Structures are given as C-alpha cells and as structure tokens.
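Scrolling down, you'll hit the structures one after another.
You will see two complexes here that share chain A, one where it goes with chain B and one where it goes with chain C.
The block that comes next holds the complex of A and B.
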C-alpha cells in the first residue's frame, strides 16, 4: 500500500526533475546571462587567437570522444574546458554562468533518463546484475503511465549521470566557439569545409539573432511582470513566474524577430548574396603557430581516446559491448 | 537614358484581393534624385521592392506590367545581377547590418561578387572614406550608435557601386547628426547616381531632390518637380504627409521662397501672430530621480530630473548620449551583473529607489521602441484588461473599456493585436500600459517609423492624457514632435542632462548638441534669439 505521503513525495520528486533545470536556468543564469555566454566579445587571449576551424574540430572531436569513451573522460573534458573559461573576457562570470548551465543539463538529463531507463539496459551498461541494484525509491504503480520503471535505483541515477557528460562536454566546447569567434570567422571556416552558403548564412543569421532574441525576450518578460503578471507571488517563486511569463512572451518575441529577419534577407539579397556558388573573402584568417600546437593536442586526444577504448575504457554504449 | 521605367504595373500580395500597387506610366531619368513619399501603408515600399527586384524574386504575388532598370526587365534579371545595379539602404540599420566587424560588413557585397582582391580593396576603401567611418573601423558593429551603424550600412551598399541607390527611410531611426551625414552623402552624390529617397519627412529631404512623387492607396497621385511643390500643398496634406509649416504660410502669403526666416519676416510685416501652445510646467513634482549607471568603470548615465504632473518631458540628444539607458535605469531593466546602477527614485511621495521593476511597474508604465514585445494576449480586449486584471483590481473591465473607447479601439476589440497596423498596435500598447493605473508613462522613440498622421494622433492623445493628470517622459529624436507636444526638454550628452528648459528656450542653442530646431520654432522665434 502506498501512503499519501509516498504519493506526495513521488510527485515532489517528479516536479524536482522538471523544475530544477528551469530554476537554475532562469534563476541563476537568467536571460541576460544566456546572452553573455552566447555572444562574442572582443578580447585577446589564447582562445581568441585560435583559428575557428581548430575550435570547430575541437567540438567535433569532443562529441566523438564523449560518445565512445567511458563517462569520466567526458567529465574531465567538461570540467577541464570549463576551468579554461577563466582565460575568457570576464572569465569567472562566464565560468559561473556556464557552470550553472552544465548543472542544469546534468540534473535535467539524470531526471530525464533515470526513472525511464530499463533496468536491463542499466545492468548491461554497468555489468551488474539487476538483483544487486539498490532501490532508492519505489513509485506508485500509476507512475508507469508516465513510462517510469517501478523502482528508481541508484544504478539508474549513476548511469544517467554518465550519459549527461556526453552532452556537457559538447556544450562547453560549442559555447567556447561562439564566445571567441565572430560570425564572419565562422563563415569563412565553414566555407573552407565546403558547407553550402545558404546553410552558413542561416547559421550567421542565427548567431546574430541569438543576442537579439535574449534582449527582446528579456524586455517582453519584464514588461509583462511590470504590468502585474505574478506581482503578488513571493520572491523565491520568481524564476517560475519568469518561466510562465516567458511562455506568453514567445509569440511577440518571435513576431518581432521575424519582422527583422525579413530585412536581413533583403539586406543580403540586395548585396548579391548567392551570386555565385561560393564567395571570396577579403580578410583571411591564416593558420598560426598556436593553431598547429592546438591541432597537435587534438590529435593526441584522439590517440589517447583510441588507446583508452582499446584497454577497456570504452563502455559508454552498452549495446556495443 | 531612363534609369527606371515602369509601365502598366499592377501588384497584389497573395493575401490581398485588390492590387496594392497600380502604376500606369512612371520613369526616373539617370542621375535624377527623387523623393518618394506617402503615409504608412501607401505602397512606397512595394514600389521600391518592385525596383530592387525583391518583388518578384523574393516576395511573391500577382505581378503584371513592366519594370525596367537601365533598359532591362527586372523580372528577367537574376537578383544578384539587379544588386550590381541597384543598391538599397533599409530603414533600420540594426536589421541590415549582419556582421560583427565593420570591414566584414562593407566587404560582404564585393565578396559575394567574387571580385579580385585589388578591386575589393579599392571599393572597400572608397566606401569607407565616402561615409567617413575611418575613425571607428576597429569598433564592433554591435557597439555603434544608430547613426554610426547607418553609415556602415550605407558604406556596405556603396561598395557594390550601384548606379541606382534606394534609401528607404534612411533617417527614421537615427539622430539629427546621423541624418545630416546621410543627407550630405545624398547631396555629394547627386547626379553621380540615380537616387530614390523614401521619406516621411518632406522637410528634411526636399533640399536634396529634383522631384517629389507622392504615393497614396497604391497609386502615384503627385509627380512634380520640387519647385512646383508649393502649388500642390493641399494634395500632400490630403494624403496625410507632413508638410513644413512654412509651405502653408508661403502659399497663404503668396511668397516664392520657403525659407522660414523670410516667411517669419513676412508674417511679422503682415501682423500675423502664430499660435504658441501653453507649456504645462507648474504642476507638482510626481517623479524625482537621480540615477547613475556604470559599465566597465565608465559612467554612461549620471542624470537627475524631475517630472511634474501633467507634463510632457522630452529627452533629446545624439545617438549614444544615454537616453534609452536612462529610461531603462528608471524602469530597473538593466542587467545589474553587467551594469553598476544606483538610483534615487521618488514617485508620488513613495521611495522606490530599492524596488525592482515589478514594484516600479505599479507607478510607471513603459512603452518601448519595439512596442510589439508588449503584446502577449490573443485579442485587444484581453491585452488591455491584462494589467488591471493581474493586479486584481475589481473594476478591471470598466478601466479597460474606458481605455478602449479613449483610444478608438472599439471595432478592434476582438482582433489579434499583432495583426493590426502599426498605428493601431501602438494605440493598443498605450492603452494596455495605462491600464496598470500608473500615472507616469515612459516612452522610447514613440514616433520612430510613424507617419505624420499617426504622430499627430499620438501627440493629441498624449495631450489629452496630460489634461487627465498623466505625465510623460519621452525619449525622442523628433524635434517637431517635441516642439508641438512637449512642455519641457532635457538635452542629454555623455549620459548627463546638460540643459533643461521649455522647447522655446532649448531650441535656441540645441544645435550644438546635435538637436536641430524644427521650422515651427524658427517661424515663431525672432532671429537674434537663435544661438548657433
């Protein structure tokens, strides 16, 4: 029999997983914070001098390493790269913002996987029989309608935590690329990789638009709250009020941005965009000494990962073992 | 040779039954400069888009007839080929400029054309020098003022070396100084290229053009040389176009000149006294503010101001003077992690210095420049009820209905606010903001991109609300609007309010601060009073 207390705790646990990522994102990072970690700012340290192509390669290699190697390699890369944010402009602040983003991804991923993950899969991944699993909570039977496994085990949480580090490493590397390269530098690099111009242009417009999205969204939410939305709620509930106001602000923000997007398209088309299958570039970004050094580091990372997998640290995907 | 030749043109947007544009016969000679004017929604932009090829190559619709540029049919040309001949400068530089660095932006067009490096270099350097942006080439486009950004956008179009240049309301989002620079370019390049200037402000553009073309309801209703414009003043007025006041008096007094100073003398000789609106600056102080904002150790706002009951206080000054930031500090909208903010704010006797935007919103209503961002409800009625309803005011319906009536929105009550015209949307936003029961309203560039008629309606609404006890703090570049509807002006420079006074006092020396006096003022003031 399940007591009312069990049911209440179950629902609180359910809500915890949904609300904490939003709470962290809106409370600790905020919309303005998001803008800061997705916008390029001029500065002159190692990362800013590094060629965009090297950073794109870094992102790709990290995604591959985090996918194919054991989880703690992804975790080390995540925290290692996060620590290197110190060298960025306002490095501590960016580390703080990205840190909370990573935390929200970890909580969100763990809570998104752990209750659903079939125990047989977890057993295969951890090479531990289900009978040895430690049950931390038993859900009321009707939670199976949500797709939940009947028991939440410590091993499911542990396995989901491992999965989360596949995402975090890629996020930290991608933010690094966006924060230390102008859209033009990224265009030129992608163009060298023979990515079609319309796709590159879409990315550039997205990169230009992201800060404007956050600004417009922030203004729209604040105006809603100024006009009384959630004004009587206690302050600790503010992130949830912001979340609810944000939902209402999606349409006006999108309409506002789409009206602008039309002008960006006209601006490009009236300056002969797509006149030829490819473009030339006035300012070239040559490969410098640090680019060669960092490329060497990337090659070493790949080699070390291959060795790690060969000696048994490649068990991230249970189906392949 | 004719640069542009249009015959039997008809264009309808896919959603419209009636044609948006109908032009039987129209041409522009090579090297000619024309002013294309008309109220919002008259068809100006559609005409421009037919010339630069956006219609039919990007925007679809039913198009018939012929549009030729330099003898070639637009519909038969590819868009990049049209772009080699026709350059287009858009209204809002923030939407036109897409690159982070200025040089990348200027190089965008030549790069698309795959020009040899030497040729690219020549064009880019020439464009940079023509618009005079050499001094800030190293700055980021995201950190430029509106005027600076518009010059960058202009340089990027010039680098295409077009033979025909379309300037689509190029000055509506920039300060008078930036406006001056754009018009200087137009003046210097007159006859070197064919120019089409789309403008609401006839007064500003007229000295630089040969011909004036008025579009109304999708048709060209006037096409005259500027010398003959005076005899058609009524046509312009009927089409809802802003006419300099001196034109009206010049016609009335049968004077050939439109020089405001000559007309002023003639008015004096004829003993005609022009009316002056009484300024309302005697009410009690309802808002007293002393605020500062710092970023990276640099003070960007350090201002003190008092707003009185029933007063319209206009903040004016160059782009980048700190006007919008001042409003955002007052609203508590700045990101405290990026900006160091301090504010002493007293509203109607209540100290709100330490209160955030949620609390301040009970006393202050705010209308941002991008006012669409306010519209979160599915219909006009819900939007206007929103504030009072969320504040749990029992009579929210009565308050809302009163505002719906006041802003003439009865017939739009159940319409989706985002689908209304610009003027209607602005009215919904004002009504919705005022429904919060706040009696102080902060407005950021409310006249930007609005035509004469909409500006007039806005000004009259504001004055009506002032009579009802509301007070307004308005950031504006529009000198004429400030002169006609303002009571008090504060000039901002480097984050500080450096001068305050009535419009009649301020416009005497405002030019020093990049604020050009409107001709209404020049007609009313005696010559020796103006300090240049």
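The block that comes next holds the complex of A and C.
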C-alpha cells in the first residue's frame, strides 16, 4: 500500500525538479546576469593573458575527459574550474552566476534523465544487471503516465550525473573562454583552419551580438513591466511573468538587432572589406610563458585521466540521446 | 582514444549503412558546388547579408542554450516529445534570416556559423567538424533548396509593387504562400535528427545504441510541431522582412 506521505514526497520531488532550474535561472541569474557571464571585460590576471587557442584546447580536452571517465571526475573538473573563476574580474560575482547556471543544468539534467531512462538501457550502459541495482525511491504507480520508471535507482542517478557533468564541464570552459578573450582573439585562432573571411566576419559579428541579445531582451522585458505587464500578480509568480514577457519580446528584439545590421554592413564596406583579396588579414598573437605552463597542465590532466581509466574509473558510457 | 572525440564506430547494430550517408552527403555537396559555380557562390552576398547571418546565429545560440531549455521545463512531461522550444526557436530565427537574405547558401552558412558559435559558448569543440557538415548539409541545405525552388522569393515577393500585383493574375496571397513554404521546410526539418543523428552520427561519434522504435516515434512526434512552427515562423519571417527590406 502506498502511503499519503510517500505520495506527497513524490509530488514534491517532481515539482522540485521542474521548478528549481526555472527559479535559479530567472530568479538568481536573470537575463542581465547572462550578459555578464558572456561578455569580455578588460583585466589582467593569468586567464586573461592566456592565448585563446589554449582555452579552446582546454574545452576540447575536458569534454573528452568528462566523456571517457567516471562521473565524479567530470564533477571535480567542473567545480575546480568554477573555483578558478575567482581570479577573474569581479570573480565572486561570476562564480555565483556561473555556479547557479551549473546547478540548474545539473538538477535539470538529472531530473530529465534519471526517472525516465528505462532500466534495461541503464543496465546496458553501466554493464551491470538490473537485479543488482539499488532502489532509492519508489514512485506511485500512476507516475508511469509521466513516463517515469516505477523505481528510481542509484544507477539511473549515476547515469544522469554522467550526462550532466559532460555538459557542465563544457559550459564552464566555454564561458571562461568568452569572458577572458575578445571575439577577435577567439576567431583569429579559427582562421588557422582556412575558414573563408566572410564566415569569420559573420562569426565575429555573432560573438559580439550574443551579449547584446541579452541586453536588448532585458530592456524589452523591463519596458513591458514598466507598462504594467503582470503588475497585479503575486511575487512568487514573478519568474513566470518575466518568461511571458520574454516571449512577447522576441520579435521586437529581433527587429531591433537586425535593424542595426545595415549600419554594421555599411561601416565594414566603407573600410573596403572584401574589396580585394589581400585587404583583410589577421595578426596572430604569439605563444607566451603562461600558454606553455597551461599547456603543461592540460597534458598532466590527460595523463592523470588515462591513469584513472586504467585503474578502473573509466566509464565510456554510450550516450543514448 | 580517438580523434577529437569521434569514435568512428560504423558497426553498431541497426545503424544506417555508412555508404548511404556518405552518398547523401556527396550528392548534397556536389549539388552545392555545382550550384555555387553557376550562381557565383558567396560573391553574390553583400556585406550586410553576412551581418544578418551573424546576428541570426547569435540569436539562435541565446535561444537554444539559455531560453529554450527554460521554456521546455514548463511543458507538461507527456508533451515534451512534441514540443521542443529550443528547436522551434531555431526554426523561427533561421527563417527570418533566410527571408532577409534570400540567396541560396544562406541556410548552410547560417547553420555552420551557429554550430561553431554553439561550440564556443556551450559544447566545446568535441566532435567537430562532423556537426558543422551534418547540420549545414541537412537543415541548411533544405532552406537553400527552398530558396532555389522559389527563385529567391522565399517567404513572399518583397520588391516594390509586389503587394499590389499579388491580388491580380491568380497569384497566391503572400501570407498563405509564406505559411505553406514554412510548413514544407518545417516538415523536412523533422527528418535529419532521427534518421541522420540517432541512426548514424550518434553511434558514429559516441557509440550510442540504435533503437529503431525510438527513432520512428521521435520522427512521427516531431512532424506536427515542426509543421505548426514552420507556419508561424514563415509568417514571422514575412512580417520582419517586410519591415526591414525597404
């Protein structure tokens, strides 16, 4: 027999999973917060002096490590890198914003996978028979309508953590790259791959526009609120009001940003962009002492992971989605 | 370990034979090269077109990685298979950009830039360059084919006087035409993810398991949402491009 207390707890767990990411992102971070963690600011510490190509290598390597090793190695890398945000300009604030983003991704992914993933598939992925799984929680039978498995097992949670730390490791490294290098520095490293100039130009425009999108969104939402949108709604519904206002702001924001496109196009044309082949060129930034040190750290990380995998902490879980 | 996270596994049970995939991409690439030789390729693009594409990619990144996942949270669990806001946002933004630029190549270029940008902001570069080619030559190519078929007037003719002549001579109402075009492209966009990704690139890159029941169900489930959002996106694209192309 399923007790009332268990039913209540099950529903609370269900609601926790869908509402927490939501409140974290719109309540704690906010749209203006996203702009902060996607914008380059001038500063001078170790990360700011590093070459962009080294940081791109960092993100490739840690995604590989998180994919091929057990979930807690991915967790250590994620939180270690997050802790190093302290050295950025306004470090605590950035750690706070990125930390909540990471937390919302972890909660969102775990709740998005762990209860749903068929035990047979988890068993295939972890190479453990279902009979050896540890049951953590038993859902009420009617939760199967939501697509839930009847039992939530520890193994499904490991499986979902494995997936989530692959994402978070990439996100922490990517944000670090965007916050400490100018768009031009990042794109220059791509030009080594012989990508045509127009594509590189589009990429620079795009990278510069991402923070501007958050900015215009924020302005547009605030204007809706000033005009009284959702003014009589209770406070705890505020994130939902913001979201509804955000949906209404999509087309105005898009038109606003695309209108500026003509000016950017004209200003590039007046500087004779693409007028003749040698007109556009790139200045490469040389490798410095910091870059060599950091590359050494990366090599060490790879070596340590290979050792960990050989010791038995590897988990080349086949991702099913 | 393998090259940049690509396992290059072509022996997962149930996978689409690699010959078919290679043939598709060779034909697609061949068509693109042939057509760009004929039409002048990127030389026909103005600088402002590249700016449109860049802004569109930035918007798609913000939508797909920061806003879309939030919206997906409020969809009731049983419906998540039908409604993917992240993907719908991509449809809207890319249709708007395609409606503004209206030259074949815009679809592929937009998808390629969106992918590289997504790597910079979110995914890291693991698995590249497979994703850039896969998405550009499926989603992007479908848009470009539509532009080619409609001879540049993707979501309605925007030249001066076209509105007046739309009623005469049996030509279709522009909103209706935009909606239909959007629906058709939206429908074609239901194909790549289940058939190319789940049945080939997923196993190819990460060795994931191929489950044809899951693939077929996700294909059928994607169709209605994609068509509805294709129509909406077509109408938005018509509206935005009327405001901007003057």
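In this text, the second predicted complex is superposed on the first by the 238 of 321 C-alpha atoms of A that agree within 3 Å, B and C clash if a C-alpha of one lies under 4 Å from a C-alpha of the other, contacts with A are read in each partner's own complex, and residues count from 1 in each chain.
Criterion: a residue touches a chain if its C-beta (ideal position, glycine included) is under 8 Å from a C-beta of that chain, and two chains touch if they have at least 3 such contacts.
Given the structure is predicted, the values throughout are model-derived calculations rather than measurements.
Peer 1: By the touch definition at the top of the document, which applies to A:281: first (chain B), second (chain C), both, or neither?
Peer 2: First partner only.
Peer 1: According to the stated criteria, A:205 is in contact with first (chain B), second (chain C), both, or neither; which is it?
Peer 2: both
Peer 1: Regarding the shared-chain residue A:269, is it in contact with chain B (first), chain C (second), both, or neither?
Peer 2: A:269 contacts both chain B and chain C.
Peer 1: See if chain A has more residues touched by chain B or by chain C, and give me that chain.
Peer 2: Of chain B and chain C, more residues of chain A lie in contact with C.
Peer 1: Should A:152 be classified as contacting the first partner (chain B), the second (chain C), both, or neither?
Peer 2: In the superposed model, A:152 contacts neither chain B nor chain C.
Peer 1: Tell me which partner A:225 touches in the superposition: chain B (first), chain C (second), both or neither.
Peer 2: The first partner, chain B, only.
Peer 1: Regarding the shared-chain residue A:196, is it in contact with chain B (first), chain C (second), both, or neither?
Peer 2: After superposing on A, A:196 lies in contact with chain C but is clear of chain B.
Peer 1: For A:93, decide between first (touching chain B), second (touching chain C), both and neither.
Peer 2: After superposing on A, A:93 lies in contact with chain B but is clear of chain C.
Peer 1: With both complexes superposed on chain A, which partner does A:81 reach: first (chain B), second (chain C), both or neither?
Peer 2: A:81: touches no partner chain.
Peer 1: Tell me the contact category for A:73 with respect to chain B and chain C: first, second, both or neither.
Peer 2: Neither chain B nor chain C is touched by A:73.
Peer 1: Based on the A-chain superposition described above, do chain B and chain C contact any of the same residues on chain A, and if so which?
Peer 2: Comparing the two interfaces on chain A, one with chain B and one with chain C, the shared residues are 204-205, 208, 251, 255, 259-260, 264-266, 268-269, 273-274.
Peer 1: Using the touch definition from the top, list the residues of chain B that touch chain A in their complex.
Peer 2: 52-54, 57-58, 78-84, 86-88, 90, 92, 94-101, 103-104, 107-115, 117, 120-121, 124, 140, 142, 153, 156-157, 160, 331, 333, 335, 337-338, 357-358, 360-362, 364, 366, 368, 370, 372-376, 386-392, 418, 432-433, 435-436
Peer 1: Which residues of chain A touch chain C in the complex?
Peer 2: 18-19, 21-22, 25-26, 34, 38, 56, 59-60, 62-64, 67-68, 108, 121, 124, 145-147, 169-171, 173-175, 177-178, 186, 190, 196, 198-199, 201-210, 212-214, 217, 240, 243, 246-247, 250-251, 254-255, 257-262, 264-266, 268-269, 273-274, 316, 318-321
Peer 1: Looking at the complex, which residues from chain C come into contact with chain A?
Peer 2: For chain C paired with chain A, touching residues are 1, 4-5, 42, 45-55, 57-59, 61-62, 66-67, 69-71, 73-74, 77-78, 92-93, 96, 100, 109, 112-113, 116-117, 119-126, 202, 206-209, 211, 236, 239-240, 243-244.
Peer 1: Once bound in the complex, which stretches of chain A touch chain B?
Peer 2: Residues 30, 32-33, 36, 40, 42, 93, 182-184, 204-205, 208, 211, 216, 219-220, 222-232, 248-249, 251-253, 255-256, 259-260, 263-276, 278-283.
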